[in-house]
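As structure tokens, here come the structures.
Both of the next two complexes hold chain A, though its partner changes from chain B to chain C.
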Partner chain A sequence: MSFKFLKPYFPWITLVMLTIIVGIANPGFFSPAGMIILIADIVPLLIMALGMTFAIYIGGIDLSVQQIANMITVITTVYLAQFGIWVVFIVIGVGALFGTLSGYVTTRFYVPSFVSTLAIGFVALSVAKWLSGQRALYMDATFRDNSFGWVFGKTWGIPHELIIAVVLVLLVWFLQTRMSFGRALKAVGSGELAAVASGLNVNRVKILAFCVSGIFAAIAGLMFSVKLSGGDAQLANGFLLPAIVAVLVGGTPLTGGVGGVINTVCGTLIVMVIRAAMVYLEVDATQQQMVFGIILIIAITLTIDRSKLRGIVK
Partner chain B sequence: MTEFVTGGNSPHINTLRNIILKWAPLFVLASLVLLFPIFEWLEDFWRGKDHFYLIDSRFFSIRNASRIAVAATPGLMIAIGVTFIIIMGSIDLSMEGTVSVSAVIFAFVFIALGGTLAGWAWLAIPIALVVGGIMGFINGFIHVMFRVPSFMVSLAMGFVGTGFALVLTGGDRIRVEDELFRSLLTVRWLNFPIMCYVAMLALLVAWFIQSRTTIGRNFYAVGGGEELAIASGLNVSRVRIMGFTLAGIFFALGALMAVGRIGIAETATGNNFMFISITAVVVGGTALWGGIGGVLNTLVGVLIVNVINNGMVVIGLPNWLQDGVLGVLVITAVVLSTNRKTISFVK
Partner chain C sequence: MFELKTIDKHFPGVHALQDVDFHIHRGEIVGLVGENGAGKSTLMKIIYGAYQPDGGTIEIDGKSVRFQNPRQAMDNGIGMVFQEQSLIPNLTVMENIFLGYENQFVKFGVINWQAMSTAAKEQLAKVKLDIDPNTITMELSFGQRQLVELAKVLTLEERIQGHLVILLDEPTSVLAEEEVNLLFQIVRDLTKRASFIFISHRIDEVLELSDRIYVIKDGKIVDVVQHDEAEVTAIQQKMVGRDIDKEYYREQKQKPYNSSEVLVTFDNVSLDGIYRNISFDLHAGEVLTLVGTEGSGREGILRTLYGMEQCTSGSVKIKGEKVTHFSATAGVSRSIGYIPRERKIEGIVNGMNVYENMTLSQLKNFRYLGVMNVPKEKSLATAWIERLGIKTPSVYKDCGDLSGGNQQKIVLAKWRSGGSEIILLDHPTRGLDIGAKEDVYEMIREMSDNGIGILLVADTLEEAIGLSHTIMVLKDGEFQKGFDCKPGSKPSLYDLVHHMI
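Here is the complex of A and B:
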């Protein structure tokens, strides 16, 4: 049982230990009803983190997710009345467009992904400000309930949000482990030069990874918008940090190649448990960002694969 | 996080491409300054008003120049700080957090020590600079000692900083109303507020550090080729940590300017500085790959960004456009400054 052997299980061990600690301190934490509410609450974050996993898995990063989600809350609110439930397709299309744009700029123009996604994020912010007229918009309650009311319903006590999350997780899990795209992702994440040498169309794989990230950010924005029944250009602010934390704490390192979407599910749950613990310990809400920032630094430091950095760390 | 293949042009060889790249930012700035008045002229021409190009321009006036200068000053300080880092080929995304923390601590100390520059409260200024330096040092230390890419450490540190500022203030705004301190903005010499002259002084100091001190030359050595720098016996880790510390000090200086400009220190003081400063540095001609550019380029870059923002307002374009324009601008600048023959892929 060496450290190396244990390393992949670290996130799960952390999750179980945290859960037990929080559970001992606060037995109410284990009540199924409360747990389900907690998990349902974290669904938009989970969806965003799932997408982000793909960008980090290939060794990049996507800093545009928050702005894309912001833009989508506005788009959803503006077009809900006109298109009803079909607004989903607009959302996915726009998300895919912005993600693809990030990927295209990164791969074809050699702009590092943290700059390109940051920049594309600001383009999205522009769109959001333009569409919303820089005001907070609200949905018409009847339109919202007609089209998306079912999202907040329950079947046999299970919230539909949770079912959506499970379906999406299964989808990306299938994408990652059972399709050639997933294998290609692994190849690119493990060693880009080797992937190029073996004849893989690396650029296409990377663009697709950013595209998936954009789509999931958009779906997260949609969920968020429907949940809060409105949209504005700052609604999803504060999502970027926990999303990155969820991916890294789950065990997908910044260098990519290992980990994956199931790890991100674990990471998101860890984020959830930590948040619940902070609420229970009455840690002030203002301290959350600092705590997660520190957790992020620790997680990066522990997970990063230094052998891939080739001696020089920029 | 860039992989290079060998060969290609050195930035120091005067090929046509390098000469064009060197002067392009200044050319862009000049064109922009001449371009916006054309729109004004066209508008008045359309309405049949008399308008003499440049002379009657609202954009091309001392009053507007001073407005641009004031708006640019905090950003200039922060961009100068990050220039050192980018010259080394690293990146620092922590400025929003560092600025907020420095601004808030400055305001607290300033008020605790009497609230006027005439008394002991001047001590708040060096304390704020030290705080910025410490934040930068932590950044550099984690980056070097744990061998983590700088963009990620600094991004996380930025979150920590903003969070810390929020904890300190509890979401409140702290007013700094000392007349003497606010004279940074209110007292004008030759139409420009004092803060612009302070900024010029800081720029001069930065230029001196960059070109006349060993550490400044070492930044270029690290950015130009790290293996070579290590092979020639340079303590690269030390240079990197010093670079991040220096950047932190300049971020704190930016925080002081921001507080001087608005008279308020709060968690949001640092907002939006990250993207604007990175854009300014890159647009000014300091390549993300390191080794070329410098603080004078950054001055040009900051002016370009602010001239665009200001000019767009003057000619009546909606302000939601600004973020998108900056986004496109930064991508364009990185693309133009990248020699694609020497790069195999980026992450």
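Here is the complex of A and C:
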């Protein structure tokens, strides 16, 4: 009983405990300035993870996000000069297109989302390589600063990146908890057959979930691209695993239906603290994915709803 | 010989079994009856080792035993014949019979199929089933599968020295009458070697077969009746704890329907492999019941009408309009409500609360620019909780935590509150206790009075006869005969069964 009661709070308890442990080992961790830098640094990952939450919440997964972000860094860099800030619309449009495509393949052709999104991800990667000619591209500093310089500014000491992140979190939180799309998502994630029998257009809900995931992956790619002032088909590599970890550690299980975007905020902060700890412990960058791989397995094991699997895992 | 003493079992929030004493003698057949949720299945699971009791002891021949899992129970001679069939459909009969015990046929790491086949034949002979052990289980009828299930448990005879205890959980629910008689015959013959515990909701069957009957209610044994003293109505009263309303199906409340308003017309409709050339009219306020055995096509007709299956030929009209596109979404917009058989999977969304479940089929009535109007949802839910007497602590309660009867009321409320004019009921009382069933019957009458057209697939024939205005008997996907069911001139069970088989 008490375990069931406590379970929703596990991610937050974990976050607080990890923060305390890291803070004790490294008191500098608590300095407000350092903390703000850390958080601002995690924004692109947070955005990607927020989108991914929708795919996982309906019981699917989106493995294409990293490649979509890669592709977007190239697209942004290529078209920035031509469109300026309006490149944002291209970015959102392309993200929506790829996400929708994943959703369409999943629902119409009955392809499990881990395969369909993997395949769509490779399409995106290929587009990135083709468009970039497999070279690293750089933005013209003036163009970048004119269009996106404000993103890295500060107001009253708060980085604008952080404000963007908060706005996006509030947006998806509203989408999830207040809008009928969020309600439909919950129904599909918790009881898909009952959702079908209630006359919900379940396929449309699923396609939209992947569409949201694609859009947020694209926005993450855009942020990353203007931050690093360039584009490259490998720029966002290393995002996929932490993004999945953030969603699952936050408490949205692979089986879907519970958790949500606020959980993902918590999960992303946990990832941030773990990263900070690894830096402090001088874990080599090449070994970080190893740590996240292990954490992912632990997180899945702790969160997955075994009653939904009916004892069958393949 | 086998004895449970003061067994206690708690689940979170429920005292599932309280001080249960239960014993069975050598060669005895003991019945166990009780309403759903009375604790029958918990008691069963403790006996065959799936659950461990919190208190009390289990003794075999005076020796105390503990079962950590079903395998240990089996090693002590306790076997379970499952209600939901535990056979794997795409394995052969013999593979199923010896599943997990293939070692006896293994030589040098290879299975001797010939030996297994011979041994399986011996097992099948015990249940008087003359089939090839190499048959794929899927190809057997439900009745045959039930017997294979028993044969599988009977392999205990060879493996275990002592006396056996075999649990039969609702073994007759999928059987035709002659198959039931055969099963009873087999069980009686086997009492030399085994004692049986027989669980069924068909009290008359339990009476017929059992030497003694335990009646369980709210986790307590409330009575033990000897075969000779047993009476159906007395046992029913003990199970429910009150008299059953004589007007069980509310027959006196049945009013004639409005024959001038046709809601649904089926004209020569077929769905390949499921049903053929079905025609009928469903009128406002009519309860039309489709009667037939499993596989007669009755559910297929419901699913076509709701839009979950496409018919392959014929014409369907709903409220005078010809239907060309079938989908569940379109079904809802045609004001059709569907109450599926699998309540916990298709009926309610486990994990969503009461108001979320009630408005799920009508989100568009509760949103403005995509934003949900939660106060409006809650007031709707509150009104229907009151109207249908739904027992829930609040509108925020997760529907998965409510009892079956209350879940069913929420599913009904979902469609009623959305203004459905045609309601399809697929086994609406399945798995409900008697009190909750009566509530459902009451609601069916009330809907009919309000001019809602009801297409029903009933759980039992008595239910079908009691509730209907009209009955259509189906067999192998074809229409057999229609019956008018006015109060006072209802067809008999025999009339229906005659056309079903």
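Simple rule for what comes next: the second predicted complex is superposed on the first by the 313 of 314 C-alpha atoms of A that agree within 3 Å, B and C clash if a C-alpha of one lies under 4 Å from a C-alpha of the other, contacts with A are read in each partner's own complex, and residues count from 1 in each chain.
By definition in this document, a contact is a pair of C-beta atoms (placed from the backbone, for glycine too) under 8 Å apart; a residue touches a chain by one contact, two chains touch by 3 or more.
Remember, it's a predicted structure, so these values are computed and weren't measured experimentally.
**Student:** Considering only the touch criterion stated at the top, classify A:291 as touching first (chain B), second (chain C), both, or neither.
**Tutor:** First partner only, chain B.
**Student:** When the two structures are overlaid on chain A, which partner does A:257 contact: first (chain B), second (chain C), both, or neither?
**Tutor:** Only chain C; A:257 stays clear of chain B.
**Student:** Residues of chain A touched: more by chain B or chain C?
**Tutor:** Here the partner covering more residues of chain A is B.
**Student:** For A:281, select first, second, both or neither according to whether it touches chain B, chain C, the two together, or no partner.
**Tutor:** neither
**Student:** By the touch definition at the top of the document, which applies to A:181: first (chain B), second (chain C), both, or neither?
**Tutor:** So A:181 only meets chain C here.
**Student:** If you stack the two complexes on chain A, which partner ends up touching A:59: first (chain B), second (chain C), both, or neither?
**Tutor:** first
**Student:** Now for A:141: first (chain B), second (chain C), both, or neither, which partner does it touch?
**Tutor:** Once the two structures are laid over each other on A, A:141 reaches no partner at all.
**Student:** Under the stated touch criterion, which partner chain does A:197 make contact with: chain B (first), chain C (second), both, or neither?
**Tutor:** So A:197 only meets chain C here.
**Student:** Pick one for A:85: touches chain B only (first), chain C only (second), both, or neither.
**Tutor:** Neither chain B nor chain C is touched by A:85.
**Student:** Intersection of chain A residues contacting chain B with those contacting chain C?
**Tutor:** Common to the two interfaces on chain A: residues 193, 196.
**Student:** Help me check something: in the complex, which residues belonging to chain C touch chain A?
**Tutor:** Against chain A, chain C makes touches at 12-13, 306, 308, 328-329, 331-333, 338, 340, 342, 345-352, 356, 360-361, 363-364, 366-367, 370-372, 374, 414.
**Student:** Any idea which chain A residues touch chain B in the complex?
**Tutor:** For chain A paired with chain B, touching residues are 58-61, 63, 105-107, 109-116, 118-123, 125-127, 129-130, 134, 192-193, 196, 202, 241, 244, 254, 284, 286-294, 296-297, 300-301, 304, 306, 309, 312-314.
**Student:** Hey, which residues of chain B end up touching chain A in the complex?
**Tutor:** Residues of chain B touching chain A: 1-3, 89-91, 93, 142-144, 146-153, 155-164, 166-167, 170-171, 226-227, 275, 278, 282, 288, 290, 318-328, 330-331, 334-335, 338, 340, 343-347.
**Student:** Could you list, by residue number, the parts of chain A that touch chain C in their complex?
**Tutor:** Residues of chain A touching chain C: 1, 4, 178-184, 186-187, 189-191, 193-201, 257-258.
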